[in-house]
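Have a look at the structure that comes next, please.
We call the chains A, B and C, going by the order they appear; numbering starts again at 1 in every chain.
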Amino acid sequence: MNKAKNVILRVEGVSKTFPGVKALSELDLDILEGEVHAVVGENGAGKSTLMKILSGVYHKDAGRIFLFDKEIKLLSATDALKLGISCIYQELTIVPLLDVAKNLFIGNLPMNKARMINTRKLYQDAKKVLETLKLDISPNVLCGELSIANQQMIEIGRAISRKARIIIMDEPTSSLTDKEKEILFGAIRHLSREGISIIYVSHKLEEIKEIADRITILRDGFKVKTVKNEEATKEEIVEYMIGRKLDNYFIKKEVKISDTVLKVEGLSKQNVFHDISFEVRKGEVLGLFGLIGAGRSEIAETIFGILHAEKGKISINGKNVKIKNTADAIKQGICLVPEDRKLQGLVLKLSVLFNMSLVKIREINRFGHIDTRKEKDTAERFINSLSIKTPSLKQTVSNLSGGNQQKVVIAKWLSMEPKIFILDEPTRGIDVGAKSEIYAIVNELAQKGVGIMLISSELPEIMGVCDRIITVFEGKLTASFERESFNSNSIMKASLGEGLL
Amino acid sequence: MPKLLGKFLRDYNSLVLCLAMLIISSIVIPNFISSMNMINILVETSIIGIMAIGMTFLLLIGLFDMSIGNQVSLVSLVVALTINFGIFPSIILSIIAGMLIGAINGFITTKLKINAFIVTFAMLGILKGLNLIISDGKSIFIGNDAFGKIFTLNLLGIPIVVVIFIIMALVAELILRYTKTGFEIYVVGGNIETAKLSGVNTFYVTMFCFAVSSFCVAIATILLTSRVNTATAVLGEKYTLLVITACVIGGVKFNGGYGNIFNTFFGVLAMQLVNNIMYMTNTSGYVQSLINGMILLIVLSVDKFATIRRSSVLT
Amino acid sequence: MNKFYSIRKKIAGINGIIIALFFLILIVSIGSSKFLTTTNIMNVLRQTSTLGIMAFGAAFVMIGGNIDLSIGSILSLCALMACKLTAYGSAVAILVPLAVGFICGAFNGLLVGKFKFNPFITTLGTMAIFQALAFYYSDGAFLNASDNFFFSQIGKGFVYKIPIPVIILLFFFLVFSYILGKTVFGRQVFAVGGNPECARFSGINNTKITVLAFGLSGLCAALSALIFVSRQMAAQPQMGTGYEFDVIVAIVVGGVALSGGKGTIWGAILGVLFIGILKNAFILLGIPLNYQYVVMGVILIFAVGIDSLRKEVK
């Protein structure tokens, strides 16, 4: 573990800005040959931006990257692949209807002189790769028939077949069982011994402590520190991850919290979430904190009628309710601002007016005829009250900025005067100005006695806005915190699975 | 054991269906296994089968050509018009004509980034007009004895149509399994992002598939035309639906097909057996077309095959 | 580049069809002196009325993100039914075919909306099925409608010199414009076609909307059938063949987007007018009818291509 290693990849002063957001700020990083280098940080810290720059998908705005001391230009994904940098994303890219051997060699099939695939060499080479990964799979099996874990291994195999020197892995264990994880780690260790560097991006501190040689912590686009695994404890890593002062995005006003408006008991859906129980009271802002994929959105979608739970009860104002579809939920006064505003929240090619009134028209109509005057008035009221910047009501929504688009979605639901308002990652990809406006809206709603659920993976946001926070990890509730005892470390740990209810 | 049986049924469903139809046929129709009848069925099956081979390539990448019925008519008309240059030249010219249409379809689909369905739908209209203009709405009698003999050729007793089908099926299987292009077809059909990232030329792949499809249509048409020694503007009208039904029965799925020519062949055979039963039992012609349409819908339901987003265009 | 962008955008928008229509009328008037006569204009309008009503229904389907290729067959089937049923009085002859048309459409809607089949493939199949039913119903023969004054007036009658079909067209133009633009149903069709996920997340029942849109399309085909039969007092099993092509070209030219979520009834009628005048031009200018198909196919590709380029520019 202590032999001297060369620097294989050096990142110097790399920055990347997106409209309204500085994703990476003058980042310096070096990767040693054959090391397992973990990169950790909260959502939005810049991990995925860094990965995408290294794999050629994004272009950096500033800085230089050196491979074996030679500066390189990563202008496309194929550039990165040619230079030996492979990236394995969470979304698998194997072709299910091709066999393992073909999947291993997508992009560099061995050909023979007759311009046909040299099948003998293909299957021989495939066997070699499979041996390297200690996989007991036949190269003739269709990839679609393999387990997700094995499919992931094939992706790694593909990187090996491309003679990758650096393999970036994004949350590789998210769909693996413990046993499969061990196999993966075995493969990683083997690759590391062979001199291949692994950049391991993950939230899971347990695993990072187990597998990494060095750990780099990112925060708000900066590099906080790079430490050797033995030199930092999990607690210290967490502190580095979130150690900023919590800016006050706004001042949380005193709100009178009264009776329970939403009660969820024993909600379960196989493989998604298990035994979820919590309450939301009038005027209260309940936060659901956890990693992406922990099941928070699914819980919200179940309450909203998009998904159906197999077990459990939902009661509103003390009465048991059956929610079979979204129309039922809306009737019960539940509204959901979905996670992906472009895909789920808006019809992008249509106007602001259309989008805002899409749900409200069910109310402001007589035998189906829409009262267009009321529709316009309602829309204009919201444009004012939410400060939505749009040249007109007829403006196509896709032309608005992210923050204003989100406000249109919020206006759409606010017009229904919800009793229970769920917001799923409402400030994702939105500039700071719009963020605080949205927090103000949440505050106002709370004062009006609406029960609010806020799903977020940004700790400062959720700690600033909520009265209570419950943490979700792998589909289960792990902890509950009252505002007085909000502690960023404990909340973060609970969301990572440490600290069971 | 039951799991294996289930898998066997799924992989070879059309073979099973075929055997079932054979059994039903021999019960319902007296003298079913008379060689004349079986040969007719095989011939008709092979013609549709040849076209289905080509269509499979398109389906594998998630596309479809609605104009093939009219391509059939066009090719037959080109044969009729050029027969005076000689059989061989006329065959070559008609194949080129057919493939040109396929190339145009492919080009518009990829370069203008338009939904393949609507492009080929528009082409359907264009060809309809073109065919009527060329033929002036009349049948053109070719009357070339040598040309008409082509259809009657056979190899060891097996009609040439069937032989050509078998050869083409094998070649197609070869291409799909052992060449780089065949491999790229599966990649594009399976996961287009992966395809682009791995440097696959999606334009080439699309053009290739459209060209193959039109090539197959042309070959089948030449054989068909030889049989009747006549060309008309409406010769091919029924084939679009028949070919798509054939592919659906054969289990080809949009995007990365479970594309298997073997399956398609037995699927078509099963379909023809059904048609034959109806013909032999004197079922009215209208019921026959009804059944053909219903077969399509039934297989769709059973297969959930057509669960693809409407605008599956390669962009 | 900016100037090109705005010009392109305008041409691609509804103003485009108006400009195209204007030029078309100009060219045809120059080409033939017979074009702007009252008889000819009335002829064109009458032809347009049948195509127009079908286009309204087709527009609903396309705005909802789908397409219906079986409307020609539905027209044939309903026309034959209307013929036979005139023997039982005009009420039956009108209402039953309308119901059948709606049911055929709804059947399509169910397959596409609930089972999520590809609309092209599905309606290709139902086109064959309905066509077969039409053949079966009339035994392949021409049918003559029984004498029925009221019924025959639908297609042949006049009100103050305006043909009744034109009045029917205008009536349904108003009705459908209203439904599409001012009712909850209309908005929901736009939502389902524009972004079905968002529609789902906004409390809309996508299946219901799709079934209704297709049903409306079938109903419109049946309406057109009634006008046709009433005019000729006869029908044959293939009379509707090819109409789906004309209708689709018309609405696409009129600005209804193939991808769904955009379009107007006003655009549909302009598109239909364009196609109607084009066909009329062919007759007046002595161009053989067969060229019509070729030209329309090319126009379709152009129209869709412009729409696609529009997306690129964005």
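In the analysis below, contacts are C-beta pairs under 8 Å (C-beta built on N, C-alpha and C of every residue); 3 or more make two chains touch, one makes a residue touch a chain.
Computed from a prediction, not measured in an experiment: that's the story for all the values here.
Set against one another, A-B and A-C show the most C-beta pairs in contact at A-C.
The most distant chain from chain B, with centres taken as the mean of CA atoms, is A. Put simply, the C-alpha centre of chain B and that of chain C have 31 angstrom between them.
Between the Cα centres of chain A and chain C there is a gap of 46 Å.
In chain C, no residue touches two or more other chains. Looking at the complex, you find that chain A touches chain B at residues 77-78, 81, 93-98, 102, 106-107, 109, 111, 115-117, 119. Those residues of chain A whose C-beta lies close enough to touch chain C in the complex are 306, 325-327, 329-330, 336, 338, 343-350, 354, 357-359, 361-362, 365, 368-370, 372, 398, 412.
Across the complex, chain B meets chain A through its residues 178-180, 183, 186-187, 189-191, 193-194, 197-199, 256-258. The touching residues of chain C, counted against chain A in their complex, run 182-185, 187, 190-191, 194-195, 197-205, 261-262, 314.
Residues 64, 66, 108, 112-115, 117-119, 121-130, 132-133, 137, 240-241, 244-245, 254, 284-287, 289-290, 292-294, 296-297, 300-301, 304, 306-308, 310-311 of chain B are the ones that touch chain C when the two sit in their complex.
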